[in-house]
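Both complexes shown next keep subunit A, but they swap its partner, so subunit B is in the first and subunit C is in the second.
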Partner chain A sequence: MAQIFHPSTNTFSKVSIFGALFLIGGALWGLAVLNRSGYATQAGVAREQPVPFSHKHHTGELGIDCRYCHTSVEVSASAGIPPTQTCMNCHAQIWSDSPTLEPVRASYRSGESIEWIKVHDLPDFVYFDHSIHVSKGIGCASCHGRIDEMNLVRQVSPMQMEWCLDCHRNPAEHVRPRDEVFDMAWWTDDQAALGAKLIDEYDIEGRDDCSICHR
Partner chain B sequence: MRSPSVKTDRRRSRLARVARAIAIAAVLAGVLGGCRQDMHDQAKYEAFERNEFFDDQRASRPPLPGTVARGHLAEDAAFYLGEADGALVATAPVSLDQALLARGRERYDIYCSPCHDRVGTGNGMIVERGYKQPPSLHEQRLRDAPDGYMFQAITNGFGVMPSYAPQIAVRDRWAIVAYIRALQLSQAATATDLSAADLAALRAHETSK
Partner chain C sequence: MANGTQIPRDERRSLSSHLPPVVQPGHTMASVTDKISSVVLTRQTPRAWFIGLAISFSLTMLLLVAVTYLLAKGTGIWGVNIPVAWAFAIINFVWWIGIGHAGTLISAILLLLRQEWRTSINRFAEAMTLFAVACAGLYPLLHMGRPWLAYWLFPYPNTMGMWPQFRSPLVWDVFAVSTYLLVSLLFWFIGLIPDLATLRDRSPSRVGRFVYGLLAMGWRGSARHWHRYEMAYLLLAGLSTPLVVSVHTIVSFDFAVAQLPGWHATVFPPYFVAGAIYAGFAMVMILAIPLRRFYGLQDFVTMRHLDNMARITLATGMFVAYGYMMETFMAWYSGSIFESALMTNRFSGPYAAWYWALLVFNVLIPQALWFTRVRSSTVALFLIAVSVSIGMWLERFIIVVVSLHRDFLPSSWGMYYPTFWDWAMYLGSIGLFFSLLFLFLRFLPMISIFEMRTLLPGAEVKEENP
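Let's turn to the complex of A and B:
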């Protein structure tokens, strides 16, 4: 019986078997990259909001403290989305006839909530608490980035578990003095020395047991 | 020569293997695709989420009028209302110490300084942007006002100033009142008001600049 396959197909089949390793490896690598990319994490995507509220203007340019609006960030799990009343504290007088702010005034008149679009949405099985992070010296900007330079807010961190664990395992690399938590531009040239001192002073342990975040 | 029954068995086992592989792939696809969002968005409500059940669609329910949270019964009128026996309290009903003043300064800078500015003269950033200018906190009228008057202005609002009760806790309002008193003192102080040690420290600070 004649040969069906030419001898050169031997080489072809060997290369295929060998190449499959790279093919599968490459596919897995590609999946890992995709899973960490902005496409999967939505990091870097600025969200359209019902009112084009600019954090850059209110915080960066006017110098309003984060806590003026996010009043519960020091005492509660949720930082707090301000009620329409907080907008009206100033906008009853300033820009009070601006068409852009009509949804705010409509909400104030009717009592219906403005439906802000959530930018940082952790899975429901993660029990994140702002207050403990703030009181242990983790700055807003450490997770949220330079909000004071963003018009529409976007997520800058991947918000994936490995990202949380990076800090939970090495808190000294991120902790800052409590007085500087709300300072968006705070920076130190010697985080190693400061971090080592602060985790001692604030009694911070790097906690990475599951039940810290999952219940 | 093989018996036909063995052949059939082999074919059957190959079919079973293929079926098993397909089943595993289907389960994997389910695990990777389906479960994820179910677990991410569970059938429970988090802060500020929407709930169609209620007319206003807020899952976070406002307490009914008259609700008193445990430990929050406002029995002490001087502390919660800034008045006792029908008169404004003259001095804040909290113990004055450095920690309270530091807290007052921090809260003042957050909530008051946008209009009143950091020293209380009423030239804050929001005033520069067009908001009605508040009086300077260093006017004699306000220097003479009792602490309860300041407390009530923060709590209930005054003129165009809105109520800050939703944003500032009661004890923090008293801390702010105490800090305003410190501001009033500092802005009207003369060198002779200082102790010799404080004056020396100030001189040293001035010359080091």
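Let's turn to the complex of A and C:
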């Protein structure tokens, strides 16, 4: 009976066995890349907000301190989203009839909060506390990036567990003097020496046990 | 086969002349090939096959329902809870993994030891191994509760920045079982290649020639092919040999590394390995005895095979009985009140009936294998094999449930009752096993054709200058 497969098809056999290794390896590598990309983490994606509030304008250009709005960042887990009243402190006087700010005024009149879209949203099983990070000398910009250069806020970090652990395992690479925490543009040329000194001074342990975040 | 024969075959035959032959006399190369390949190629599929597949497939559907409901509701549908958080899932996992071991022993160790009688049973014993490992693998995956995250068990550079806990035997298990599955699959497939080529050449249908041709991977039976084939097969046999011992040793570590009375015992690894081979040979007999009858293969799977398997079953059964004895002895000898409390609980606690049933099924009944009359009766062998299978399942039940349900603190004692879904999963996995087996019987040669041909007197190579 005639054979369906000519002997030359054996080459396909060999190539496919050999190629399968690369195909599977490549697919796994591709998945790992995809998993860390902005597509999966939403890093680098600016979010639309109910009011197009510009951090760049308020912080970078006008020089308002982070804590003017995020009042609880030094004392509690949450940095705090300001009430409409905080906006109105200024906007009752300036741009008081801008149509862009109408949702702010509407919120002020009715007492209903503006529903801002949360950009840095950790899973509910992660316990994160701003106050401890701030008081141990981790700058806002270390995690949030140059907020003072963003019109609409976007994540700059992947916010994946390996990213958290990177710092928790090597805090010396990221720690800065407490006075510089809120300075967006702070930079040192000798992080190694400064980090080692500050770790000691601030008594930073760099804990990476499960229950430090998953309580 | 390359057997650098030191002892001429005739002489070896005469050493065991009182035993039935490995192949009934009167067969030729052609008749062996015809007989085995006709089951797959030409003969009409017997009605019993359809009935068997229908029953097993219905049970597989029960498994499907059970798994679907499990995924929808979570592991709470099982009877597991604290303190018995491991129950049917682990019992059945160990049971199935154990059954697989006979296949590997037959295909690898008996090959290296040049036990020619293995030839007619190794193919379906290896298939049995694969299907048993597939059934076994289901349980730990489903017991995790979120099986879609099962890949977390593997060490890969994940976004959590974490590695699995390499000090845990449960992680070793992942490697042991996946290696086992992979090596068994390769071994089985490579062993099939020359037979797939035979089927390709003999298949009357174009589809058959295409599919078998694809799987035969261009086998032409040239001397070079045979040379490489023999080498690859031997290498794989060498690779599989340690697996016979290592896989169930690691499974036993799942228990022995814990400090629970009834688990924390040094006898566990050898006792588990012996139990695995014991259960495995019982399952091979459960399959072989009806198969040789329904497919008329008594010429190939002879009473010699059944007798040999019965002897191995008896021997490994004695190891297992020794294990039970040592557990009891150590409970007394250790002087630990927790160990002796566990033994008292086994003998007379709420699950005592299960323990005594275990001793009857696993120790008492198999003693009948001492008698030649029992070993030469297929019905008796079949019943004893079933008894061993039940006994080995009970053994795992005793180890898992009785140790867990009463540990150190009486305040945390509890009872375990299997639910309908526990049983549905178990029966369903048996259905899956037999469904795969029936499909295997229909589409692949259940006995190695080319290896059977080498057992014929005509295949003997006469050495001119010994």
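By our rule, the second predicted complex is superposed on the first by the 213 of 215 C-alpha atoms of A that agree within 3 Å, B and C clash if a C-alpha of one lies under 4 Å from a C-alpha of the other, contacts with A are read in each partner's own complex, and residues count from 1 in each chain.
The working rule: a residue touches a chain if its C-beta (ideal position, glycine included) is under 8 Å from a C-beta of that chain, and two chains touch if they have at least 3 such contacts.
This structure is a prediction, so every number in the text was calculated from the model and none was measured.
Q: Between subunit B (first) and subunit C (second), which, if any, makes contact with A:161: first, second, both or neither?
A: second
Q: Where does A:35 make contact in the superposed view: on subunit B (first), on subunit C (second), on both, or on neither?
A: second
Q: Let me test your reading of the model: by the given contact rule, A:111 touches which partner, first (subunit B), second (subunit C), both or neither?
A: It touches subunit B, and subunit C stays clear.
Q: Quick one: classify A:103 as touching subunit B (first), subunit C (second), both or neither.
A: neither
Q: For A:81, using the defined touch cut-off, is the partner it touches subunit B, subunit C, both, or neither? Pick first, second, both or neither.
A: The first partner, subunit B, only.
Q: Go through the superposed model and pick first if A:177 touches only subunit B, second if only subunit C, both, or neither.
A: Touch status of A:177: no partner.
Q: Which of the two, subunit B or subunit C, is in touch with more residues of subunit A?
A: After superposing on chain A, more of subunit A is contacted by B.
Q: Flag every residue of subunit B that touches subunit A in the complex, lowest number first.
A: 39-42, 44, 46-48, 50, 56-58, 109-111, 114, 125-126, 129-132, 160, 162, 166-167
Q: Considering the complex alone, what residue numbers of subunit A touch subunit B?
A: The contact residues of subunit A facing subunit B are 62-65, 67-68, 71, 77-78, 81, 83, 85-86, 88-90, 92-94, 111-113, 115, 118, 123-125.
Q: Residue numbers of subunit C touching subunit A in their complex, please.
A: Listed in rising order, the residues of subunit C that touch subunit A are 156-162, 200-201, 206, 209-210, 213-214, 217-218, 220.
Q: So in the complex, the part of subunit A that touches subunit C is made up of which residues?
A: 1, 3-5, 7, 9-10, 13, 28, 32, 35-36, 158, 160-166
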